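Heads up, the thing below is written out as structure tokens.
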Amino acid sequence: MNERLLLRLEIDELNAGYAAALDERRFDDWPGFFLPEGLYKLQARENFDRGLPLALIALEGQGMMKDRVYGITQTIYHGPYYTRHVVGPAQVLGEGSEGRVRAQAHYAVFRTRPGDASEVYNVGRYIDEIECTPAGLKLASRLCVYDSEMVLNSLIYPI
Amino acid sequence: MNERLLLRLEIDELNAGYAAALDERRFDDWPGFFLPEGLYKLQARENFDRGLPLALIALEGQGMMKDRVYGITQTIYHGPYYTRHVVGPAQVLGEGSEGRVRAQAHYAVFRTRPGDASEVYNVGRYIDEIECTPAGLKLASRLCVYDSEMVLNSLIYPI
Amino acid sequence: MNERLLLRLEIDELNAGYAAALDERRFDDWPGFFLPEGLYKLQARENFDRGLPLALIALEGQGMMKDRVYGITQTIYHGPYYTRHVVGPAQVLGEGSEGRVRAQAHYAVFRTRPGDASEVYNVGRYIDEIECTPAGLKLASRLCVYDSEMVLNSLIYPI
């Protein structure tokens, strides 16, 4: 079978596991989808398209991610909400640095606040560099480029 | 090829067929996606997460499903609407009881009422037990856990 | 491996590339997803279901598509917006005319206007006839059947 298609299936699996962990609020599992020195960045499309550096959040390494998880679960005061990720099939873009794979996938995240209807929360795409490790595929970096510069309230949980 | 990935592809296919049948209003085909004694349950996440039993609807076996289809097509008086399911790639979770497969997938269902714009209707995840039969994959049980306890009007058609 | 599943993976790939080209505003790439004489049609479900011919837009061949791209990028005066396609796994329906493949996929397109939140824009399904060519899969025809007869403002960019 075609190597690229097989790889894509594994990336879909990574994305499904990632989405499930977040939506089921297993936040402690989230940093484990990255390499120890992995990068997570959340950036508005407007800035991304212009090559501007400003990002809403940028976490370098699992340490910063764990700190963020501590923040969202223990210290940040915010209105509670559920998220639901629906991620489309991934697209393998080619080879990245150090033998890594470059891939992307479109996502829609829906938000549900207690007693309220579900609504569109954040849509965009994941732009990833992925490494094949003995423990499976891991994100060397995930850049979430979201379409709307207008964020409903605030983005507490990872996208 | 990896067994699990192959299985996942077949589950995606099951989900796509299921979604197409509902959205194209071929409701009579719907019970056929289940085993004769299959279970369909629609439950708010709030109750599911707390382990509470209350479900919005629970149908045990194709007989009850056919009865429900009769209801929604012949007897229930309700405002008409279209549905559109967009289901993400499935995730194989492991082995269930009796050699069945446990899997889940995130879904978003959009509703369109005549003369109105499309809107987010119901988002959540399918939690399935699936059996491989000579006639293909069949749902031994499908539990639809939806995020919003607030339902727009009422849920007439299956999710 | 099952031929049909393999084909489906390639169709998913086609759809992901198609969506990425549109959402990244690489409109000049769009006609290249079709055969030179390919057909693109955008039709409300109401008309499609009744077998009525009226379509919102119908482009026959890459020439008309290029003209449309010229229109949307150079001449049509309209409020700017981003699109984001989330397309579910495709469903191979069978063999079409001339050895082509008939397939369909459900899609949701979200719109984001500057300074505004993302919103549901157009949901429906792609009904495709696809040809295997030396340059990969190409659309002999793509019929986009959308659920809402009520279009937010106007549909400028391809779906």
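Read from first to last, the chains carry the letters A, B and C; within each, the first residue is number 1.
What we mean here is this: contacts are C-beta pairs under 8 Å (C-beta built on N, C-alpha and C of every residue); 3 or more make two chains touch, one makes a residue touch a chain.
All values derive from a computational prediction rather than experimental measurement.
K.L.:
Counting shared numbers against all numbers at the contact of chain A and chain B, is it over half, same, or under half, different?
P.N.:
Looking at both copies, the contact residues mostly diverge.
K.L.:
Quote the value, from 0 to 180 degrees and to the nearest 5, of the angle by which the CA atoms of chain B must be rotated to coincide with those of chain C.
P.N.:
To bring chain B onto chain C, one rotates by 120 degrees.
K.L.:
Return the distance between the CA-based centres of chain A and chain B, expressed in whole Å.
P.N.:
26
K.L.:
Where in chain B do residues touch two or more other chains at once?
P.N.:
1, 9, 86-89, 108, 120
K.L.:
So in the complex, which bits of chain B are touching chain A?
P.N.:
Within the complex, chain B contacts chain A at residues 1-2, 5, 8-9, 45, 86-91, 104-108, 120-125, 147-150, 152.
K.L.:
Along chain A, where are the residues that touch chain B in the complex?
P.N.:
Touching chain B from chain A are residues 1, 6, 9-10, 12-13, 15-17, 19-20, 23, 82, 84-89, 108, 110, 112, 114-120.
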